[in-house]
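Across the two complexes that follow, chain A remains constant while its partner is chain B and subsequently chain C.
Now for the complex of A and B:
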């Protein structure tokens, strides 16, 4: 029985992108208890969406909930608004939404991987992953017109069309990226130094993952087969474009890295299928109706299941909008998985959760 | 030891997210990556406010993060430059008027460079940081000037040192 020390991490810390406060209670360098404080960035977006903005403007506001998965937020809101309007959107718009969501997933996963490498102390791998990640940012700029904050989905369809030459550019860049991805998989899988830092660290078992209601790559690394893309077919036809579930069993930081890398392969396959079989139709369904009734939508963001609830009352302004972000579901699992690990590996574990607090706090 | 030339050649950056959407933060991270590589200006991303010269702030200031922001600013040594990254850090942007947002960094700490855009492009951030370098140099000179002004009060032929300045102040106190 040693003495217990409380070590605070955050709100401002070099290994954190966002203000996030952890208080670790440690004993002989082992973490025995963790307290998390995630609500530094609460802005009050839900309230503003129900009072200040009209329902067509809200899709641009909810994009600003999170810069990493803004397309997931705008798409989920557009879908929920379309349900309220009882609107059917064109098939091409659905495919283009899936295309941008998958491109966004590639850049988000690579960012998370580079962050894990940096926080494990592998600065060179951080630089390498960030260098390889740039192609996805350039492709997103070519498709949407902006590197982040795409504002691609709007209520009723999408805002821009995909030109054929842009499609060819995407296919070409993905082909160039494949050997780079193989290289990254080799390093993340077999590098001995990184494995010492990542294998067996931050383990969350399958039972705990189920009990604590964990979602996303965090849950799939623990062996839970949860993915909204596998469950819903009505809004976006994921299985049509070649979606495949990926799970691992170890549940540690290394398993999360491998899940993310293997998901990038699936994303690349989906993008190739979409571009090769893009249906021809209009981009936007116009309507003059007002939102009425209640609706919910689930969508797989890069971090897990994103949930939207909206209620309309036949006016321009929504009555209620509720956003439940993936990291909000993961907080309990995040706090649990620290227990029993060395304090020195806490930074790598935090990065491997890929926390997105601006989503959580809204 | 004269630190001024080193400060100009190698300013250290502190990054704080005061409630933004992560968009500008990942672009700051992209600036550190090989494609944009702001390390060629000698800049290093540091986590310690006591070692840093340039503060990059993103996000509209939320009510919970404003104390942290002011405290981080107060901990930084002079001379220091503040860059507000993005539309919401500069003016509040789309979050202006939301109940938990203050709307803009410049309501709490003095901002030297405003970088526009939602989200900011890495090129814009680099441009803002290079402008901040010029301001940092000017501020460094400004710090030295206050000593030089005292030099005029000392008689000719005297070398200025700390003891002389202390001697001047003494009669004021008594």
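Now for the complex of A and C:
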């Protein structure tokens, strides 16, 4: 038995730009045990949503939970509030919500891929991926008015319409992006240096994914076919716009990269279908009711299942709001999948989890 | 959402009889203040009937200790640690300080009286 060393990583670390702390116990460079500590920054958003803000204002508050996936939070909250209000929203609003969610997924997946490349020591690929990602940020700004933290979904529908010329701009930019995406897939799939760093590294088996209740691309890369878009047709008609489940079996960093890249193709198809078949209707359903009872909503954010629980009491202010971010579900799987790997691979493994502690420490 | 009432004595038996990792996805735990009591909730989703969320709940007093579920639901320790820190609930074999620093205000999500 070699000498054991404990190596702390985070909360401020060059490969982990999140308020998350790992303590690796290593023996001969191999990680034999991982301890995790999360958060460090508790913002009290749930408390604020149940005390300071009226239920209609809460969608703007939860949009600040996370800059990267604010559309997921505002949509999930709007859906749970609509359930409490027994409100059916216009079909055009549902389509526009899906449009922004998929644009958001493209930029989030590309951001994750770029970090995996960077943490694998492939700086040039990091910069190329970030450069190609820029179009999605510009499109989000064109649709929502903001590059991040877009207050697009509101209780009852959406806050803005999609102009026909913006729809055409999106289609054109997606067409321009396709060869860039092909180029990225070629590099992430076949580059020998990246393969040596990513293949067979940070493996999570399907059994462990099931046992540890892992969600999102992390689970799908392990062969677990879970995607909330496959399940919640009543809230957003994903199958109508071309959703398709993507899974892999290897469960390693490479598989997680490939899942995200293949999901970008699906997102592009969904966006094209939405723009080409956007129904004509109002954008908002108005109501003067107050939320009452309990409701839950699940929504597939870029990192996996986002869960909202809300309890209303027939007043303007909610009784309780609970947010469960995807990263929260993946903490147990993240801790598990380090074991047996070289310490030198930890940075790439962390990036491949795509952790977002901003969501988790809401 | 299907809600199933249980109590602390039967909790492990009830959830143990229900939960199968290959059939059910554990979502999260939650707690809601109901007057002097606390409603502790365990949310599950069914892989076979994906739209269906099942919620086990137990009404407890603040001084009661909730049994830990780690031996039944392997990932439950994260949700238990969160409730200990944010709602000041006592959970078997779970210490303060995973989510928040140990000297942070106790139960920041509890309603202020």
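As a convention for this text, the second predicted complex is superposed on the first by the 362 of 362 C-alpha atoms of A that agree within 3 Å, B and C clash if a C-alpha of one lies under 4 Å from a C-alpha of the other, contacts with A are read in each partner's own complex, and residues count from 1 in each chain.
Heads up, the rule we're going with is that contacts are C-beta pairs under 8 Å (C-beta built on N, C-alpha and C of every residue); 3 or more make two chains touch, one makes a residue touch a chain.
It should be emphasised that the depicted structure is a prediction, and the values quoted were computed from it without experimental measurement.
Of the two partner chains placed by the overlay, only chain B lies in contact with A:17; chain C stays clear of it. Looking at the shared chain after the overlay, A:161 reaches neither chain B nor chain C. In the superposition on chain A, A:342 contacts neither chain B nor chain C.
Within the superposed three-chain model, A:298 lies in touch with chain C and out of touch with chain B [touch as defined at top].
Residue contacts after overlaying the shared chain place A:320 against chain C, while chain B stays out of touching range.
By the document's definition of touching, of the two partners only chain B reaches A:48; chain C does not. By the touch criterion stated above, A:38 is placed in contact with chain C alone, chain B being left untouched. In the superposed model, A:328 lies in contact with chain C only, and not with chain B. Counting contacts by the rule stated earlier, residues 39-40, 42, 44, 47 of chain A appear in both its interface with chain B and its interface with chain C. Chain contact summary for the complex, chain B toward chain A: residues 16-27, 29-30, 32-35, 45-49, 59-60, 62, 64-65, 68, 72, 88, 93-95, 97-101, 118-119, 121-122.
Contact residues on chain A toward chain C in their complex (touch as defined above): 37-40, 42, 44, 46-47, 50-51, 210-213, 215, 226, 228, 230-234, 294-296, 298, 305, 307, 309, 311, 319-320, 322, 324, 328-329, 331-333. Considering their complex, residues 1, 21-22, 25-28, 30, 32-33, 41, 43, 45, 47, 50-51, 53, 55, 73-75, 77-79, 82, 86, 98-101, 104, 108-109, 111-112 of chain C touch chain A.
Across the interface of their complex, chain B is touched by residues 11-15, 17-19, 39-45, 47-48, 52, 60-61, 64-68, 70, 111, 127, 130-131, 133-134, 137, 146-149, 356, 358 of chain A.
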